[in-house]
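The data blocks that follow each hold one structure.
Next come two complexes built around chain A: one with chain B, the other with chain C.
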Partner chain A sequence: MAVETTEINHITGEMSGLACKPAKRFGFIKYLAVFLIVTVLFAFLQQLLMPKYMHGIVEGAMIAEYYQEEKDHNVIFVGDCELYENISPAVLWEEYGINSYIRGSAQQLIWQSYYLMEETLKYEHPEVMVFNVLSMKYDVPQNEAYNRMTLDGMRWSMSKVRDIQASMTEEESFAEYVFPILRYHSRITQLEQDDVTYLFRKDPVTFNGYYMRVDVKAAENVPTGRPLGDYRFGDNAYKYLEMMAQLCEKEGVELVLVKAPSLYPYWYDEWDEQMVQFAKDHDLKYYNLLNVTDEMGLDFSQDTYDGGLHLNLSGAEKMAHYFGKILQEDCGVTSRRGEEKLEKAWEEKIAAYEAEIARQEANLKE
Partner chain B sequence: MKKTLVPAMLLVLGLTLSACGSEEVKVIESAGGQSAAAQTEETKTEETAAATEEVQAEGTQAALSGYTYNATYGEGSVTIGMDMDMRPVLEALGEPSSYFEAASCAFQGLDKIYTYDHFEVDTYPSGDQDLVSSVVLLDDLVTTSEGLYIGQTKADMEALYGTEYEDKGGSCVYTLDGMHLEIVLDGDTISSIAYNSSVLDQ
Partner chain C sequence: MLFTSYSFMIFVAVTFCLYYVCPKKWQWAILLGASYFFYFMAGRTYLIYILVTTVSTYLAARQMDARKERAEQAYALQKDSLDKEGRKALKAKQKKGITRVFLACLILNIGILAVVKYTNFMIANINGIAKAFGGDGTLSFVDLVLPMGISFYTFQSVAYLIDVYHGKYPAQKHLGKFALFVAFFPQLVQGPISRYNELSESLFALHSFDKQNIAYGLERILWGYFKKMVIADRMLVAVKVLIAEPETYYGSFAFVGMLFYALELYADFTGGIDITIGVAQLFGVKVAENFRRPYFSKNIKEYWKRWHISMGTWFTDYIFYPVSVSKPFRKLNKFAREHFGDHVGKRLPVYLSSFVVWLLTGIWHGASWNFIAWGLGNYVVIMISEELEPLYHRFHKRFHVAGTLPWKLFQVIRTVLIMSCLRMFDCYRDVPLTFQMFGSMFARPNLSALTGEAFLGLGLGVTDYIILAAGALVLFAVSMIQRAGSVRTKIASCSFPVRMVIWWGLFFIVLLFGAYSIGYNESQFIYNQF
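Entry: the complex of A and B
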């Protein structure tokens, strides 16, 4: 009887409940289709307008590059340019069998390093995490452009949310990080070939996080630091250093603090004393590598490409040679030589590393 | 529902695109007002060019505002203000006894440090110009224009500049026309005197 009623309703076109369902379903599908089209269009535009950082200033592409890695490292370095330009993971592998990665970006502030550590530990469990302490000098958010280069490349997670909240300057808004198109829409009239070429893919710009430079510019007339009114690091910087120590302790990862051997910005003795004390109080290892540049064999007339701020390839390889020994002997980091999969991966990486050396050297000769 | 959902979604897209022509567009800048890496391409835009010109114009206008330093080196002398172009300083004083330049981690352009015998002049890049970001007195053989020098006391400072300063725990900062005169104390003795542009606040 019910079937019969329904049929009658279909035939007559009367608006019974049963007869309305197909129309409603069609309407929903229509809305869904429009929604999906708009969303895809929005996402496409956003991706198109985001800076690609594939040429010139490549530092903005570094953070995202990590996600393409096999996440199985013995050692993770976390910090600013004093790490990603100063130590070569390729040498750590070749000489010590240490599989390492540098999670660094330009002027990476300590809270950004903390949240990158937190995020990294969700992917993998290294034996050691190494943090460069120069960023202790910054206690408050600094600069949107640097923030963007660190934060835009991070995958979404609560670590990224908290990182954004900790990093934003007063002029920035959270919404612009959620929808970068709100920030970058003005690029619509300035799009270049790279924006199309690298719309859906990126080329690597580092070698396990290491940014290579083979050129030489000797360090000369490096200024000493001018007197400061207050040498104490800020409370906020200390808060995140404390959080790093707690996080690593909780995760069973050894945290090692270093001051990389860059001559500028100036590293004050008063700052160093505070790091020595912090390390002592928290039972951590701290190495001020500025104190051992002779032992490392660094020659600042040859081993820097920008007058002592960062090491060039020659300097970064010397630092890897020196620090690898520390990681192995003092921290007990194990050699992974003989692991077939890893050996094969590094064989390819070192071939690319050597090709880049040859490319840069050829460019210098021209 | 039908009447609101589709227009709402299109509105979001429309607003996004229409915003492209907005005059409220912010430009990411480095501390020195130079367009930055996050928008490398933006450095080439008219917006940025206009912003740079504005900074340059401001730099020229602000050249002798705030506390200024009367610099003398060899036969030359010049009054240096914050954010002024470095070229007239170099023309007046000649080559410094020491020069250092530092590229920032990712930005184009160089911060430069010109050291003369008893003082140092720091600059930041802005367009084609290098603008003064700091003048630092290095020893007690030079004085500020008002007569203060390293080695004097806090009382001498207050006698010359007054007591309207910000106490930053170890240093006293006088602010005038947006620039800062920072006087560092070691106990009661002045150990450093620096003129700083407000660009260093960023």
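Entry: the complex of A and C
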């Protein structure tokens, strides 16, 4: 009898154990389901609230566009608006067979350019990297809005982490880069059609990083620079320029420094001298294209769309024509004409490029 | 480290993990370490002040207890050999020694508070008086650090000291645990002013990971964030504009500002206390409630029993009663009864004690005349209300409205309006300007200025007003539900999906509609400054 009771207890015990297991499993499943739903909802809302930069201020979409590219360029330009508005990669391809890309965004600071270089070199190994030196004038983080336009588009990597840390202004927080919804949550009351249209897709806003403008606004009464108390570039800016030189040397990539031919912000002779000296000290090439605007054939009554700050299409094509020659003759960048895959890709890109020219010209006529 | 900052959330999360991962016997030490880290992050020199208060109060309380014990032993040995007078004399002598220790510690701690908080206020007043009498009035201000939450932890320590002095409970023998009682980080910013006998049990107990308790804690924190970030910090934008431009926003706008500030202050302070209680609950610590739906009070007296309860009871227990039964007040009572009759004799000491209480309440809130005026304003309203009591009785005898809904509503609205009017002292921080703005509500109402466009000029958009209105409605609805019992218990009794919808719904509301990050000024809790 005693044996029977024990057996019965044993069996019921097992049965209750069996009864418990599904309950526990269900408990786990329901929490897992909540976790998944909340995560998906969180991700969806974050995606919805992130600015799309598809119209108006499109600069915020530029950095992310690079990841859609076939990463096999001869030349990578890194810098601010003086690059992404001033040189046309399409002309570099058409005239010199140079497959180039511009990794630039608005007011891209030197440390941002450095980390973009570092990141780019993880994806590809170009012959030359061209850096526009205007951002040497900034030694400390400047503006959250511009930071966002550069950093939000970057893919997560240690380069991005270090870039954020180097770029954050006092009011910014790292957590808001990790979870951008914390920064953009207030857009919930300002959502537009674009936020829905471009929720899961993006249209290209550049042509290999080049931001095209065909309109003209002549440069008139361009102000000269006000005298400065101290013309020496900051230590932080120098630190990153030095790091760029070391990175390129280590990777076996030629670093070329340029000052793009924009009339404003003013480029001081004292600044130019420092760049000349730096290039000399580090055995780098430095081209101040402001000194050769006539040779390039730039006409600031025709070749700028905002009074000399940036070049328009006509100006950008002239600069590409001029600088392509430098890249090929001085830097030995090879022509890749004849590479079937590349030819085909550029054929499509140039068709889009020309369609955009036609669209903008038609708009202007209207 | 603001309660609403990411760093605070990370700090709480790390402390929480350590608290439940480490052996239970070290839980108090983890909380103490976290509290000092929190305080250190607020200001490096702050730690010195809190350490002085902690060590001095601890030593004084231990000393008082030791002296009491020795006195009891001596008394037991000597009492048989002494007559009644002799025993009395011995007890008085023994008490004197204990009182000396007590007063020394009390003066030290109140002195620190007075010096760091009120020195410049005194200098400003001395300069003002000197100028009024033709002097220079050029005494220079002193650059003193005002440690965060000093009023709260000083009052908490003083209450402990007084209670030990009166033998309400024995002194805490463990310095570390006592230090934790003084510095427990969730209540360091804005209270409540906890009592040792209420807080110590759960603060020093060994806590296991209690799912339900932690869920309640998180729920409470979320509710606090909702009040603070969705309502208070959004309302702050408009309140700032209204206060900054009194020459533009007078009359009806002063009235609007008064109501806006009432809502902002309520959401800010109660939200902060919700976060405090919720964070404490994560660690299994039970912090006393500081509010009981104050805007549902029928009169000012009741309001003060439901708003900032821990401060009200502190002043009642440690100022009002001791002052009322003090020798001079007893004498005054006797004198008034003899000369003015029972009616006045009974009231005079109470009214004078209340005056002291409200004067000190005002001073405690801040070192400026507007707070003193605010405290005394409360006093005047309460006294008038007391004096009008017979009139109310006559009114209710004649009109049988008491207990009816319209009358209750009238009482509630009246209380809210009176309290909001008094808060104008706090709002404008300038006594003459407050009177001017209060007067403008009647003398220059300027009702035509209250246009939609003018409201949009206060820095808030239409959606902000919709969010605020919805938020206020939610607050009201929750308060109404609370009248019938705990909202948390009701939520806990809901099915799993409903609970999840409520919790995560609130989370996403705070996430999306909270006024935080760049674009909104990160704002400190209003009561933090006290």
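By our rule, the second predicted complex is superposed on the first by the 341 of 366 C-alpha atoms of A that agree within 3 Å, B and C clash if a C-alpha of one lies under 4 Å from a C-alpha of the other, contacts with A are read in each partner's own complex, and residues count from 1 in each chain.
Please note the rule applied: a contact is a pair of C-beta atoms (placed from the backbone, for glycine too) under 8 Å apart; a residue touches a chain by one contact, two chains touch by 3 or more.
Here the structure is a predicted model, which means the values were calculated and not measured.
Asks: Report for A:Gly252: first if it touches chain B alone, second if chain C alone, otherwise both or neither.
Replies: Neither partner.
Asks: Identify which of chain B and chain C touches the larger number of residues of chain A.
Replies: Touched residues of chain A are more numerous for B.
Asks: Considering only the touch criterion stated at the top, classify A:Leu45 as touching first (chain B), second (chain C), both, or neither.
Replies: Both partners, chain B and chain C.
Asks: Could you look at A:Val34 and tell me whether it touches chain B, chain C, both or neither (first, second, both, neither)?
Replies: both
Asks: Touching A:Ser173 in the superposition: chain B (first), chain C (second), both, neither?
Replies: second
Asks: Under the stated touch criterion, which partner chain does A:Gly338 make contact with: chain B (first), chain C (second), both, or neither?
Replies: neither
Asks: Across the two complexes, find the residues of chain A that touch chain B and also touch chain C.
Replies: Shared contact residues on chain A: 34, 38, 41, 45, 144, 171, 181-183, 185-186, 188-189.
Asks: Which bits of chain B are touching chain A when the two form their complex?
Replies: Counting only chain B, the residues touching chain A are 1-2, 5-6, 9-10, 12-13, 16-17, 19-20, 25-26, 28-31, 36-42, 44-45, 47, 98-108, 113, 115, 120, 136, 168-171, 182, 184-186, 191-192, 194, 202.
Asks: Under the definition above, what is the set of chain C residues touching chain A in their complex?
Replies: Going through chain C, the ones touching chain A are 6, 461, 463-464, 496, 500, 504, 508, 511-520.
Asks: Once bound in the complex, which stretches of chain A touch chain C?
Replies: 30, 34, 38, 41, 45, 144, 171-173, 175-176, 181-183, 185-186, 188-189
Asks: Any idea which chain A residues touch chain B in the complex?
Replies: 27, 31, 34-35, 38, 41-42, 45, 51, 53, 56-57, 59-60, 80-81, 106-107, 142-146, 148-149, 152, 171, 181-192, 220-223, 226-230, 264-265, 306-307, 309
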